[in-house]
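Presented below are the structures under discussion, each in the form of structure tokens.
Look at the two complexes coming up: chain A is in both, with chain B in one and chain C in the other.
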Partner chain A sequence: MISSALKHLPVLQVVVPLLVAALCVLAGSRFLARTALILTALVMLSISLMLAGQVYPDGVISYALGGWPPPWGIEYRIDMLTVFVLITINLVNLAAAVFALGRNDDNLGRGAHAAFYAAWLLCMAGLNGMVVTNDAFNVFVFLEISSLATYVLIGCGRDPRALLASYRYLVMGAVGATFILLSIGLLYMHTGTLNLTDLAQRIDARGANRTVIMALAFLIIGLGIKCAMMPLHDWLPNAYSFAPNSVTVLLSGTATKVALYVLLRFVHDLFGVDHALSVPVDIVLVACAISGMLVAPLIALRESNLKRMFAWSSVAQISYIILAIGLGTGAGVAAALVHLFNHSIIKVAVFMAVGILIARTGTARIRHLGSVAHTHRFACYTLLFGGLGLIGLPGTPGFVSKWVLVSAVVERGWWWLAIPVLAGSLASAAYVWRIVEILWAKPADIPLQQTRSPLAFVEWFPLVVVMGLVLWFGLHASLVTGWAGLAAAALTGNGS
Partner chain B sequence: MINAPFLILYAGALAALLTPASLRRHVLLAVPVAGLVNLLSISPDAVWQIGLFGLDLVPFTMDRLSFIFGVLFHVAAIIGIIFSWHVTDRPQQVAALLYPGSALGVVYAGDLLTMFVFWECLALASVPFITARGTSRAVRAAIRYLVFQVLSGVLLLTGALVLFYETGGIDVGPMDLDHPGAVFILAAFGIKAAFPMLHNWLTDAYPEATPSGAVFLSAFTTKVAVYALARTFAGLDLLIYVGAIMACFPIFYAVIENDLRRVLGYSMINQIGFMVCGVGIGTELAINGAVAHAFNDVIFKGLLMMTMGAVLFRTGEIRGSELGGLFRTMPGTAGLCLVGAASISAFPLFSGFVSKSMVMSALLAEHHELVWLAMLFASAGVFHHAGIKIPYFAFFAHDSGKRPAEAPRHMLVAMSLAAGLCVFIGSYPWLLYGHLPFAVDYMPFDVPHVVEQVQLLFFSALAFVWLQLAGLYPPELKSTNLDAEWFYRKAWPAFYGLLYGTAVTLGSRVRSVVTGTVALMIPFLRRQSYDLLMPWHVRGMVLITMVFLAGLLAVLYLHRGF
Partner chain C sequence: MTDAIPGLFNYWVAIGLFVCGLVMILDSRNMIRKMVGLNMFQSAVFLLFITMGKVENGHAPILADGISRFSNPLPHVLILTAIVVGVATTAVGLALVVRIRRAYGTVDEDEIFDRPEVEPEIVP
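This part shows the complex of A and B:
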């Protein structure tokens, strides 16, 4: 019984949240839904860890859905890269789910909570599905599941503009999904298969033609929208800033990261960045990344809303990951994964602290938050430490990321790329210190309706845990870098 | 390797963090004393190596160059801690050990990675000295300071990485600028050493520090950089000219500056100019001179900073226009300030004399006559602004009517210690100079040197007196002078504001043109009120996506020609 269940872990990763989501709606009770959410999040993290335990010694797990062997049936394929991303997003999910039990800044009326948590679980089911599946069309289906749920989640923000933000994301997300679908269709046209491994082999064998190039262009744009690559990023700042606090936490650590994972998979697995198709994908990605690294922090510097400022910082940080992907080397992939994980935990901590601050002070306007650090110490110090991580000071995970990224850049022979990376960290230092100056030193410009309610367990506990992770991984980088190296080896080994 | 100097100070900092306020200052003082004893007992060939990330890291290694800097930093820490005996706020007190500890970490680092870690610690640990002032002006200056320091750190890290991938080694040793990595590293050192145009963090932040904080700040950061330059770029010709510019340009700013601690900041850049120049010459005599001058500068610049700190502490005022006549009630401080002034101006028998003449002689020996002339001008200027202006405007000049009490006893003790060292080193130079990196056979007290220096001082003083009497001396204005920092405090924000504004206007104009055109073509859209939700509307985003797709396809097409 147990052993047969263990064999089905890859599909359970997706099916469990999917089923529980349906049960939540049926149960309709807020208490039951909350309990279900937390338990499911725990189960999902455990499944990821168990999968890691299986993959680490055995190598790749190939799971044939419904017993149809690949490439005819749908294949779920778990390797080191997959479990790396699974653990990251399910860890974030658990922390965000606990945080969601606190003061959430949402507009949910009575009875709507169960539906909210159901949407949450659907979103996670979709994201997990995108990670585990090895079938191109399946990726699209899961992408749609997660996206639709995300629009609902964002629309639950208390500010009425949340609906508008959600709508904009919906339009952009729909465009992105369409492009991805087009891309998959073109690939299918060219190769007659949807299994990614199979696709990669056939593209490799037949070489590229116009169809494949078009597919590549559509794919880069579709995924670029979903992961907020620089010129396609515009939906993100508003979506993050008006979503309920816990949803911002969830999205910052999962949605864009999964899109980046898919980008990594497709670009490396199918096309190979090493000019295998004589297509300058690397140049395009690197150019977008540089513009993101330089422009987004400058906008963050002028931002008046605390949450949106950190959303812009997310755009900047995502650019680092895209840069690393664009390098196209094993070290680049490893750097991308390291930053993917590190940025997830840092941003989750930052957005939790921001959420606590907003819930207490009732405002996200930066200039209204003068000197609140003296009354809200915990949140502000977490924010400060997270900010140091974003800058990349030694002792923070951000430093580890910068280290591996600059190493990868130099190893690739593009050492001049270190200059925009440095300029980017400088700009992030500027916006973080602007916040620090206001939170600690500026007098408040209006009297705030502050509520001095003590921190609830569900607020401080996940934050403390994530902060602990941030501290731990800042000082003990070898676990993440080592694993990212293994994951990168799995990917680059696959591709060739 | 439990007795590495930085470990002792870091452990002391931890202890200071945990001890109650009443006991803390005693812990503070005991730690560097113990550290100094420990340093003197370490055998010179001790090395501490650890392996990490497949690299051989060397957190501790010592030679004659790093030994003398280690002694210097311990002494500076002791004097600074005595001077700040009245300080009771924990961040500053902990920083009083963390900051010297990090400086020691840099000095004894055998590889660039270790050096980088301490380099960043040095930056972070020094910030409390500025922020503790509590004014928003100080906090802002601290932020600008930190941005510069962090930039220096990341440059060093990048340089180390580039160098590592080029050469496979990250030892701290002589480098040449053929490697791009070395260029990054030179830039990193240059920021910390306050090279011209990179110097503004110093004149910006040091005057905003607390009275005792400025004493610490003036001792470590820049001298660490001088050490690093001497270790890696000795003999780089470029540094001779950089040093000459550093020695000369601050003089003009120092003369018109009103904040007396900022005057000292400029004078610090001027003194570092001598050291950088010495490093650039690179001969044994020149390196000796640079190192000796760094040693002396820490003591006499510290002394001057302390006297100005005492004035600020007692009067709450540091602007030359508001001070004057303080010698009546602060005679001790005034006298000690004169000792510091004599030392920095290189009076014979005071500490600056020997070390400065070593650099000057080395310049002549290597036939850099023009630079030598520039340095001569700089020496005269030092006497002018640091030797005369500081004591004159603070303690003499017109009577400001202020009658503050004499400096507290602990400050007098600290200042007397420094003053004693100035005179002692000035009178018995060979006791210090026996420990310089190279064996010295240099005769400082011969007739030409003494006569030349006395003449220089005499005519410089004469110029000051004449300018004062003729009423030509720039009046002390209550103003803030901006030099190169104008670029980032005025020009860049204005430019950035303009850029941002233009981008926003341009964006909305493009959008309205495009939507207008589209609306003309599609009558249905005309009915919509698209201006209402301008920053929110979706069309712009979709348009960007389309343009991006077109661009991407064009790039791919052109590249492949399919």
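This part shows the complex of A and C:
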């Protein structure tokens, strides 16, 4: 019984949240839905850890859905890269789910809570599905499952502008998803297969023509929208700042990260970044990344809303990952993964601290928050430490990411790329310093009606755990870098 | 060249719908019209998929006497799923538009964004 269940872990990773989401709606009770959310989050994290245990000795697990063998049926394929991303997003999900039990600034009426948690679980089912599947069309379907749930979650924010943010994300997201669908259609026209491994081999064998190049172009634009690559990032700042706090925490650590993973998979596995198709994919990605690294921190510096400021910082940090993907080397992939993990845990801690601060002070306006650090020490100090991580100070995970990234850049022979990376870090130091100055030193410009309510367990506990992870991985980087190296080897080893 | 228009008719229609839909999404300020544009845009891709499954003189893939050429059913099945996804997207989009109309009293983006920005205080 147990051993047969272990064989089906890849599909359980997706099916469990999908089923529980339906049950949540049926149960309709807030208490049951919350319990189900936490338990499911725990189960999902355990499944990904067990998958990691299975993959580590074997190398790769190929799971044929419904018993149909791979090139014809849908295949779920688990390798070191997959479990790396699975563990990251399910860890974030668990922390965010516990945090969601606290005071959540949503606009949900009575009886709507169960539906909210159901949407949450559907979002996670979609994201997990995108990671485990090895079928191009399946990626599209799971992308839409997670996106639709995300639009609903964002629209639950208390501010009516959450609706506008959600609508704008829906329009952009739907265009992006349609671009991805079109790209998959063009690939199918050229090769007659949807299995990603099979696709990669057939593209390699037949070479490129205009159809494949068009598919690549549509794919990069579509995924660029989903992962907020610089010129296509328009939806992210508003979506993050008006969504309920727990949803911001969830999205910052999962949604964009999974889109980046899919970009990594498609670009490296299918096409090969190194001019294999005589198209300069690497130049495009690197150019977008540089613009994001330099422009986004400057906008963050002028931002008046605390949450949106850190949303802009997310755009900047995502650019580092895109830069690493654009390098097209094994070291680049490893650097992308290291930063993917490190940025996830840092941003989750930061957005939790911001959420606690907003719930206590009642405002997200930065200039209203003068000197609150003296009354809200815990939130402000975690915010400060997270900010140091974003800058990349030694001793924080951010430093590890930047170190690995700069080494990868130098190894690729593009040493001059280290200049925008370091300039971006300086700019993030500027906006973190601005926050520190206001939170600690500036007098408040209006008297705030602060509530001194003590921190609830569900608020401080996930934050302390994530902060512990941030501290641990800042000092013990070898686990993440080692695993990222193995994952990069898994990616560059097969396919191209 | 003479074959380019009639032989590839569906593709030309798909390109036309694609561009019209995209222009409508980018250009219109009315949120419902944007959703219409989005639907047109998606239909273009559906048409492309369906067209590529069609084989000249091909029949539905059933075992029957006298049928030896089959159209490819897979793209049709894929598009069945994609249509469902498109309907769901439209539903969520329109639901958001209803909520926006309730909150702002209009569905015109210009009218909404022309208002002065007020930062509502969040009651803790």
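Odds and ends about this structure:
Throughout what follows, the second predicted complex is superposed on the first by the 496 of 496 C-alpha atoms of A that agree within 3 Å, B and C clash if a C-alpha of one lies under 4 Å from a C-alpha of the other, contacts with A are read in each partner's own complex, and residues count from 1 in each chain.
Methods note: a residue touches a chain if its C-beta (ideal position, glycine included) is under 8 Å from a C-beta of that chain, and two chains touch if they have at least 3 such contacts.
Treat the numbers as computed from the prediction; the structure is a model and nothing was measured.
Which of chain B and chain C touches more residues of chain A: that partner is B. By the touch criterion stated above, A:V406 is placed in contact with chain B alone, chain C being left untouched.
When both complexes are overlaid on chain A, the residue A:N209 reaches chain B alone and has no touch with chain C.
With both structures placed on the common chain, the touch criterion links A:W440 to chain B but leaves chain C unconnected. When the two structures are aligned on the shared chain, A:V175 is found in touch with chain B and with chain C. In the superposition on chain A, A:Y167 makes contact with both chain B and chain C. When the shared chain is aligned, chain B comes close enough to touch A:I220, but chain C does not. When the two structures are aligned on the shared chain, A:R30 is found in touch with neither chain B nor chain C. Counting contacts as defined above, chain A residues 164, 167, 171, 175 meet chain B in one complex and chain C in the other.
Against chain A, in their complex, chain C makes its touches with residues 22, 25, 31, 34, 38, 41-42, 45, 48-49, 52, 75, 78, 81-82, 85, 88-89, 92-93, 96-97, 99-100, 103-104, 112, 119-124. Considering their complex, residues 103, 105, 137, 140-141, 144, 148, 151-152, 155, 158-160, 163-164, 166-167, 170-171, 174-175, 177-178, 181-182, 185, 188-189, 305, 358-365, 449, 451 of chain A touch chain C.
Residues of chain A touching chain B in their complex: 161, 164, 167-168, 171-172, 175, 179, 209-210, 213-214, 216-218, 220-221, 224-225, 231-232, 234-235, 238, 278-280, 283-284, 298, 302, 391-394, 402-403, 406-407, 410-411, 415, 418, 422, 425-426, 429-430, 433-434, 436-437, 440-442.
Residues 116-117, 120-121, 124, 136, 139-140, 143, 146-147, 150-151, 153-155, 157-158, 161-162, 164-165, 180, 184, 496, 500, 533, 536, 538, 540-542, 544-545, 548-549, 552-553, 555-556, 559-560, 562 of chain B touch chain A in their complex.
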